[in-house]
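Both of the next two complexes hold subunit A, though its partner changes from subunit B to subunit C.
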Partner chain A sequence: MESTFGLLALSPPGWGGTLLIALWASIRIAVGAFGIGLVIGLAGAYGKIYGGPVLRDCLSVYTTMVRALPELILILLLYFGLTDLLNRALMALDFGRIQISGVVAGIIVLGVVQGAYATEILRGAILAVPSGQIEAAKAMGMPARKVASRITLPTMLGLALPGLSNLWLIATKDTALMAIVGFNELTLATRQAASTTKAFFTFFIAAGLIYLVITLLSTWGFARLERWARRGDPPRQTGGR
Partner chain B sequence: MSIATTAPPASITARAEAIRVEDLHKSFGPHEVLKGVSISAKEGDVVTLIGGSGSGKSTLLRCVNFLETPSSGRILIGGEEVRCRGDGTPADRRQIERIRQSLGMVFQQFNLWTHKTVLENLIEVPVHVLKKPKDEAIATARKLLDRVGLSAKENAYPAFLSGGQQQRAAIARALCMEPRAMLFDEPTSALDPELVGEVLAVIRSLADEGRTMLLVTHEMKFAREVSDHIVYLYNGLIEEEGPPDQLFGAPQSARLKQFLKSVS
Partner chain C sequence: MKALLQPHRIIMMLIAAGLVLWICLAGRWDWLGEPKYQTLILQGIWRTIWLMALSVLIGFTLAVPLGLAQASGPWYLAVPARAFCTVIRGTPLLLQIWLWYYGLGSLFPGIPWIRESELWPILRQAWPYALLALSLSYAGYEGEVMRGAFASVPRGQIEAARAMGMPRHKILTRISFPQALQSVLPTLGGETVLQLKATPLVATITVLEIYAASSRVRQDLLITYEPLFFVAAVYLVLAGVIVLGFGWLESRRPRRTA
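For the complex of A and B:
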């Protein structure tokens, strides 16, 4: 038992500090990717609903492709493919090669993946907003942008949050896939610690618990957010809690 | 319910025209709902549109503030013509927004914003679109809520109000814009019978204070009492129109006679 705590101690020879640093990297990627995913998703949802035929087709290709391919392949493709393309372009323009930082690459790559799913979640939620809510705003002379920010988005939030909370949890766990490109996030750090110390069980249980804590905190946070977003909902007649 | 009435003299000569619709056509796909309708409401007029289901009365009302885009025809609000492109869509977004701000619309389904309290519903557009100071908007909103008898409900969310209360709040919300005219689209059709009276009382008080109103309703007795002019629509055309006593007392066309018999 003592040796377990010793292994997990924050300062060397314990690996706790290393794991926490890697956890911080994972969280940064998850938050960044989720944020980018939301921005892409919002733009994508509005594009799919109100855009012209060309834009809608482009967005369909994007959401279909991203959702069809395994995320691991997408990460390899986008990480190595995009950096390669970018560097070729830079070379052609007589700039030097650049090395994209792992965090930035992770955020962009996972953000593109998240964006495809967010597009569909938000599109569904926007379409579920009763048309009368939007019509009332239009009838009072609200400009379209204001209708979106003041009426449509707050109304659809309660409808979108269950889907978005799923998406966020997927984001936290997809950060583990960044291990494949050698990025030092929680899963890779855990594997290194485990293989160095041979204490596989200890470290993978520890990592599992960390992911569990993230999930529990997130679920609690999203539940609060959803309660707030649904503050105007009518009281439930039956069931519910 | 406290209802203040500050009625200007009922008939002033040469009143300006508040709403004018000329030769309005509207099609949904191949289906022509309005086939050339012209109406006019002077300042202070209450003009009521009646007619059976599918007669086009709601569509006509919704064309006035461009919630529906007319296929052809002219619409003038306060003498200002709404500029349209060839396909009938408004040419100037800002003009439409400004005109809509001058027309208070009340819907059959109330359409209060569900995520905002009653007071927030009332001050939303004055504060966030018209950029009025918040305390000023709140003071105006409270006065109007008092007028429609909802002072106690300012912090309630719409879902927690009865239909009649929601509709009175929706009327107060429209009044917050200090509109030139009010548009009522079947304001009592979604209400339980016992709640109709409280909403009609509010609308009547608005008519009594000389507000310009365009009203679509199935409440014939009420229409007869408050209106200056009744328009009977049948199948996208005006079948008959005139002062209420003439239209209800001595209908000319067979269709109007039939219609009045069926709704009484």
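For the complex of A and C:
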């Protein structure tokens, strides 16, 4: 065991540098997917609360389907489906075929998956904003956009952050699924390093530690963010445990 | 029933039915009729079901002591239990599966007494590692859930039981565990659906479950979508059965009367 630690060195023959590059790819996918998920989620949450019956039902179908199917199958379906549709559209418009890069595809597909979960989290948080505040703002003649940016969003942030924190952790871990589609992120790079050097435990445990550090750092960061978002709240009752 | 008969819902259902019909008619489904693929798919579904059921069973059995140790155990049990749950929940399941399969799988052949033991023919296959990884993962997530459940059992009841002279294991089996289990059943249902959704990951270590079976069909016949739609439908049905099953379990629990 002791000799295999040298394999983690940053420069070849060590694999540390490869792992770090792959880690960067993982982080990019996670951040991008989480961002797209937030945008979809915010739009979806507002649509589910204020939209008409058709929009509401369509959004329900989206969130239910995405949450009922394994991520892996969604990734494959969306990956092939989206590239196919895009290329057919481009062919119809007399453009050439394009190949979507792995990073972009990963970000979009995981973003669509994250969007479904974010919709439900944000919807719950928006509904938990005291309706009197929104009514008061409307009564004062605030336009709808200002109600959202000044009242609803700041108030619901503190309520949504615990759920969003979980969602971000899922995003970081779901990037590992891109390994199955052959995209070179941290988990796949780890397997390549491990099967080349036969030092399986060293590399898998090292990658596990990297993921764990990301998890712990994000948990800490989100806790601070939540304290900041709740800075104006009345003191909460602590649970009856 | 009335809710379903709103005009826009009827139109949406017609569109959905049309889509399904179009997939059925325009797609290539002849492989479903071939005995070779039929056995592959049936075996795959069966493997998915027992991998899920067994890992949930083993995982939950491990989760109860993990939760108990964190909620009311001494520090030398609570700290390792907490560390285990953090590590499991903080790393991707795919990484855990590969760690056990490639790691242990490369270690075992070098140890003579394992290779000569009765268990070797089993340990040479992939499924024990898949089951191990899935069970430990479920235990890690549910350990955290059980910690909350045990902590939320009202203190007064446990104090009362202690005052009546109940021994500790009886307090556990008669008071803490039944109430913790009741409060945790809805969460457990959701987590079990998540466990079902995690099973296709074991296809990466050559376990031939339903997802792997569909990949085999896709590679053999060079078709992209139809097998994916088929497994999607299978997972939807299985998830529905789990949700219904847990709903039934919940409805069986005794209602509060006073």
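We adopt the following convention: the second predicted complex is superposed on the first by the 231 of 241 C-alpha atoms of A that agree within 3 Å, B and C clash if a C-alpha of one lies under 4 Å from a C-alpha of the other, contacts with A are read in each partner's own complex, and residues count from 1 in each chain.
Assume a residue touches a chain if its C-beta (ideal position, glycine included) is under 8 Å from a C-beta of that chain, and two chains touch if they have at least 3 such contacts.
Since this is a predicted model, take the numbers as computed values, not measurements.
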Contacts of A:Arg97 with subunit B and subunit C, given as first, second, both or neither: neither
Subunit B or subunit C, by number of subunit A residues touched: C
Pick one for A:Pro154: touches subunit B only (first), subunit C only (second), both, or neither. first
Check whether A:Met142 is in contact with subunit B, with subunit C, with both or with neither, and answer first, second, both or neither. first
With the two structures laid over each other on chain A, which partner does A:Arg231 touch: subunit B (first), subunit C (second), both, or neither? first
Examine A:Thr187 and indicate which partner it touches, taking first as subunit B and second as subunit C; both and neither are also allowed. second
List the residues on subunit A that touch subunit C in their complex, please. 53-54, 57-58, 61, 68-73, 76-77, 80-81, 84, 169, 173-177, 179-180, 187, 190-191, 194-195, 198, 200-201, 204-205, 207-208, 211-212, 215-216, 241
Can you check the complex and tell me which residues of subunit A touch subunit B? 132-133, 135-143, 146, 150-151, 154-155, 158, 229, 231-235
Any idea which subunit B residues touch subunit A in the complex? 65, 67, 93, 96-101, 103, 105, 107, 109-117, 124-125, 128-129, 157-160, 170, 173-174, 177
Residues of subunit C touching subunit A in their complex? 6, 8-9, 12, 86-87, 89-96, 98-99, 102-103, 106-107, 151-152, 193, 196-201, 204, 211, 224-225, 228-229, 231-232, 235-236, 239
